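Presented below are the structures under discussion, each in the form of structure tokens.
What follows is a pair of complexes built around chain A, which joins chain B in one and chain C in the other.
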Partner chain A sequence: MKRALAIALLSLVGLGFAQVRIGVLSPLTGAAAGTGQAQLRGFQLALEEINAAGGVLGQPLELIVEDTRADPATAVAAFEKLMTEDGVEFIAGGYSSGVTLALIESFRTFQPIVSWIGGASSGIGNDDFDGIEELIGQEDWFFHVHPWDYQNVEATFGFLGDLGVSSVAVLHEDGAFGTPGAAGLEAGVEAMGIDVVLNEAFTSTLAGGTGDFRAALSKVGAANPDMLYWIGYDSDAQPLSSQLKELGVAPAYVFGAPPGWPTGIDTAPEMECVMGLIGYLPNLPNPEAVAFANAYRAMHGADPDNYMAALAYAQLWSYADAINAAGTTDQAAVIAQLEAGTFRSPMGEWRFKPSVQAKHQGFGSDMWLVFQFQDGRREIVWPADRATAPLAACR
Partner chain B sequence: MRRRGPWLDLLAAAAFVALLAALPAVLRAAYGQASVSYLALGIRAIGLAVLALSWDLVARTGQLSLAHAAFYGAGAYTAAVLLKLTGAPLWLGIPLAGAVAAVLALGLGAATLRLYGIYFAIATLAFAEVLKTVVKSLPFAIAGGSVGTNLPPLFRPEFVAGAMERWEVAFLRNRGYFLVYLGLLALAIVVSVLVQRSRLRHAFTAVRTNEFVAGVMGVNPARTKLAAFVISSAVVGMLGAIEAHRFGSVNPDATFSVHTTVLALVTPIFGGLYTTVGPILAALVLSGVEETLKRTLSDGYLVAYGVVLVVSILFMPRGLVGLFRGLARRGRARARAEATRPEPVGGADA
Partner chain C sequence: MDLTLLPQALVSGVLAAGLYALVAVGLALAIGVIGIVNFAHGEFFMVGAFLAYQLFVSFGFDPLLSILFVAPVLFLIGAALYASTIRFVLKAPELNQMLLTFGIGIVLQNLALMIWGGDPRSIGGVPYRAMGLQVGDVSVGLVPLGSFAISVLLVAGLYVVLARTPLGRAMRAVAQNRVGAGLVGLEVNRVYLVAFGLSALLAGIGGVMIAVIQSPTPTVGLAYTLKAFAIVVLAGLGNVRGIVSAAIVVALAESLVATLVPNGDSLRNAVFFALILGTLVYRSWRRT
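Take a look at the complex of A and B:
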């Protein structure tokens, strides 16, 4: 009897504390596991800091992490578990446009606050396809952290305009990522008065390709462009760069546009002078970047080499700050704070603002940096005000 | 001995499907709002069962088909393109997807079913790549090129739900999909049982065992293999169309993913090849084991899941069905031995 009373009393005391639980959906296994694990490491760091700083609403914040495997069916079941079994009111994480599109009906039904990192598909400029931005961008409860695909392109064109090349050869993987990307790049580059001397498709090693790019690279050599711009996956980076050197094809600039770069690639000699776009680098010249890198190293024992960790860190802190500022988990109050607040991130302060179609867009084209592999590390070479080293030509 | 007809099996299958059809109501009564996610898991398991059972149909003729992703994708794109071009009712896309997949299978089968073993497998694997390339090359306004295209859901209960709670709306949507998937599974079971309990079974087995001898015995191997291939593809095509609506979009890389083919063949191998029960049992068990491991071993569940699969394949070469049959046989033998053992002299206490 005494035991039952004690349990009842403890339960009542427990009910008095509003512990906030945030559901995380990330691809922790499967083809996109690298990105998902990077997100997880960013969340873990932010969680530790948030709880060390007093938690959320006076209680430790709790994360309930679900693996989506970047698979639509798994992601839908995981989201519905978070909603109906775990009773979370806030969703974080997110990656893959296909998975996000599959989740939209469920998002609409439950309408928790969804702060979504990935899923960059907007459909802007494409009349026959509705992307995530058109489908749920106008919802009060939807917050999108990563730039949209057209914002990525804006950054690329900004860089190319400043670089002043006159001819570009484009190699792209022949899937949903590379083909539209190359088409958009070609149209935009030509509008800038730059000649596209080659636009060639290849099968990515990720999609079962052999990893032999010699035929396409020979065409690049014959076209003799100022710049080679390739769009493929992480696993294409090293064989493509190494075969470029092997064939002696040497455009002045080589720009790679995979969604992420393989861990440990920085010191590979064939990567020297290759450039790429990235959202965060530990050598960004702002104190938040340095603090994040130090704390990340202390927790995980390595440098953050995927910018998704920085975005996840920023996302979780935005939730913690907004809920604390609201002083409640009431949805309208938290949305108001997410809309009004300015949040911390390794890239500096940021806030949600409208994009072309969405009400709440986090980072935009200005998040992007161009780095270049120089002497075994990534140096920021663009934009000029954040550059850590001058851009080097490959020939 | 006269072989029994399909009626008993069909009756058992009907009881099984009826039992599953009652599951949404049972889950709702037992788990309330948590029933939504349990139903989502059920949908995944039944989808896997359909995939596995349809692959097993082709395997029964001795062919190792690696074309399931192709027919799944063909079905999904049929639904998407039909809607885009004609605005036809959503539900019409599902049988049509089955028909298009069947016609494609007829063409592919006629061209490749003369090949044996690994050669047939490679030809069918290549077919998925060919279809993917064709879909990418279709005019953008029709299939969306490499980006793909959107489809509306089959169920939108919130439009009629009024003041229902959110979880109830999700429950209604999931129940709708659960029943549609179950309907397709019922169709696959009926086909499988009819094949299993008719002369076709002998034809399938004869072709699988020795095609030349089967031919001498009056079985037409080409027609037999083609029939299995076409029926199997029609079922998978319909599954592709239903899932395209459920996930709201199709795109070439995801829709024609080789992952679909791998799931289609691993599951029946785990359950027991050439049976109706094996692939279904395997789909239900594997989905259940995976989810349970995920909930109990959040960090290493895939390793544990992999170990379960490898150990099962090593120690259960005939799958779950083989294991159960072996246990039953041993049980019967023990019972027989008990029954025929002479009574010890002096009674049991001696």
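Take a look at the complex of A and C:
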């Protein structure tokens, strides 16, 4: 009887609210579709769980998903459609610094709450470039989920400091992702007393490159570093690794920093010993990671091997929890709850905190893990408190 | 500028030309014989790559062996697309033809997205992918060498077919004069169907090779299609004979700039656009 009464009351309360709709901007097709599809799978899982738990403000939560194709013009049109035709008040998703920079003026015009995964280019430490954190980090309505580029690099510095290399060659894709990232890496690494013997740009396969990196890798061979550190996209990983071996270039350590890794690459022999930075792995030793991996497998029939799925899942749950805690969709009330709340994620509990220039930064450098391909698996090798295997020496 | 890297740059450039030529020769065949600029050519390439990937995942086929399956399938796909769509626009304005092939490309890309998703797919266990023969300071990769050899054989085979066989003579005849060839009894539509099928087949074999080298995605064909257009322009529209030399010029120029210029790899696309521009300016200057 009490249960029936509670349901009736909840229904009556729910009738007082319109269904909450969140607009999602992700690259579902085009060259970055892998990342967008991973985000979508994370959103789908979170949405099912949120609605099974009673939805948002007593109604099922609805997502309106728009494909940006990782193309700035398409993304701006999609965002403006969400604002003018769909009338959403909350934006989720997000990928690519170039796309994010193109969206900033439209964000400022409409000023919905924007919770944004991608766009790591902060601009901090780069006088020649106004980055995303510098441009909109101070806005009350902007919440950035993914770590900034300097936080990515901070994690790397922590790892490099523990590793003790003396020279590094940097190869980076020549877009808004790789170029500032490489500049920050070079400055930080040199400050640690490590020689940067090469800093060379390449055209990613994501940006129209053919995947022939032999010229850049020959220069790495001539520079003879302890470590090759490359910043590019997932589809660059295999040609870079195989051509490195083909050319007989053998630095002691190879470290890749793409946003994701190709499906099936784990068993490629040339990947053995290659290391990478990743935000989430299914073998992360915490109960939230295991629960997420199990639920994800049950829904999608595969491992969540792209950490963007975990970030999307965390992002949508943060919206649901904050709006429910606010009890309204009023912007100021939801912002206050997003600022005050502690949210669930496969990486453990998290909250928005200030960063160098942004008011609301989600995950920081401590999200990152270093993994190494070992016998066809990705073993976490750093930090020590989350490691699943020791770092293997490979030269 | 480190000149010690020059020998490696030369070898890498020449070997890369093989794959460029293979993709470009199919495009040149469609332009030269049928007179259609096929913007879906890169998608045939992509379909070949994904078929090789799927054969590996489902049956453990070595990707190079899968050429034996992929080639006829791509021929059939090309022939079916010709029969069901292309042949209806042969007399239409060029813009309509381009829009049609562009649309076919979008359909194929999105079909691939539905079937394989947007994640790059890697054929993990290819033991020879990272092997190289060391000749002095120069490494000759087994995969680029193999793809160069296969490309040269296929392009040479195509030349022989065009020059020495009744089918080849028929193709050249319809390329020169569609109406005249019909008047002397050639079945023009059948010749076009075979030519379009062959064009798709060659792109598909190129795709198999790329499945070994890279991790296929639905958009993997784009970069190579752009190169193919540059090579076709350099060789002269529809000139199948000039493709290999034009491919070598493009690939070598890219490799030399990428190796000898700081941050040169990011100038690769600028190199081939400069080559197209230079060729077009030179041709227009020569005519005047």
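Everything below uses one rule, namely that the second predicted complex is superposed on the first by the 339 of 395 C-alpha atoms of A that agree within 3 Å, B and C clash if a C-alpha of one lies under 4 Å from a C-alpha of the other, contacts with A are read in each partner's own complex, and residues count from 1 in each chain.
Rule of thumb we're sticking to: a residue touches a chain if its C-beta (ideal position, glycine included) is under 8 Å from a C-beta of that chain, and two chains touch if they have at least 3 such contacts.
Since the structure is predicted, the reported quantities are computational estimates derived from the model, not experimental observations.
Trainee: Where does A:Arg351 make contact in the superposed view: on chain B (first), on chain C (second), on both, or on neither?
Mentor: Touch status of A:Arg351: no partner.
Trainee: Once the structures are superposed on A, label A:Thr29 by its partner contacts, choosing first (chain B), second (chain C), both or neither.
Mentor: Both: A:Thr29 reaches chain B and chain C.
Trainee: Figure out whether A:Gly208 sits in contact with chain B (first) or chain C (second), or with both, or with neither.
Mentor: In the superposition, A:Gly208 contacts both chain B and chain C.
Trainee: Is chain A touched at more residues by chain B or by chain C?
Mentor: Tallying touched residues of chain A, the top partner is C.
Trainee: Give one of first, second, both or neither to describe whether A:Asp130 is in contact with chain B, with chain C, with both, or with none.
Mentor: Touch partner of A:Asp130: chain B, not chain C.
Trainee: Would you sort A:Arg377 into first (chain B), second (chain C), both or neither based on which partner it touches?
Mentor: After superposition on chain A, A:Arg377 lies in contact with neither partner.
Trainee: After superposition on the shared chain, which partner residues are touched by A:Lys81: those of chain B (first), chain C (second), both, or neither?
Mentor: So A:Lys81 only meets chain B here.
Trainee: Which of the two partners, first being chain B and second being chain C, lies in contact with A:Gly98: first, second, both, or neither?
Mentor: first
Trainee: Can A:Asp174 be said to touch chain B (first), chain C (second), both, or neither?
Mentor: Both partners, chain B and chain C.
Trainee: Could you pull out which residues of chain A sit against chain B in one structure and against chain C in the other?
Mentor: Correct list for chain A: 29, 174, 208.
Trainee: In their complex, what parts of chain C are in touch with chain A?
Mentor: For this pair, the touching residues of chain C are 2, 4-5, 8-9, 12, 16, 57, 109-110, 113, 117-127, 129-132, 134, 139, 141-143, 210, 213-215, 217-220, 222-224, 226-227, 255, 258-259, 262-266, 268-269.
Trainee: Can you tell me which positions in chain A touch chain C when the two form their complex?
Mentor: Its residues touching chain C are 27-38, 174, 200-203, 205, 208-216, 218-219, 222, 234-235, 237-239, 241-248, 260, 262-270, 306, 376.
Trainee: Quick check on the complex: what are the chain A residues that touch chain B?
Mentor: 29, 65, 67, 72-74, 76-77, 80-81, 83-85, 98, 101-102, 104-106, 108-111, 121, 126, 128-130, 135, 174-180, 207-208
Trainee: Which of the residues in chain B come into contact with chain A in the complex?
Mentor: Per the stated touch rule, the residues are 33-37, 40-41, 43-44, 47, 129, 136, 140-141, 144-150, 153, 156, 158, 166-167, 169-170, 173-174, 243, 246-249, 251-254, 258, 294, 298, 302.
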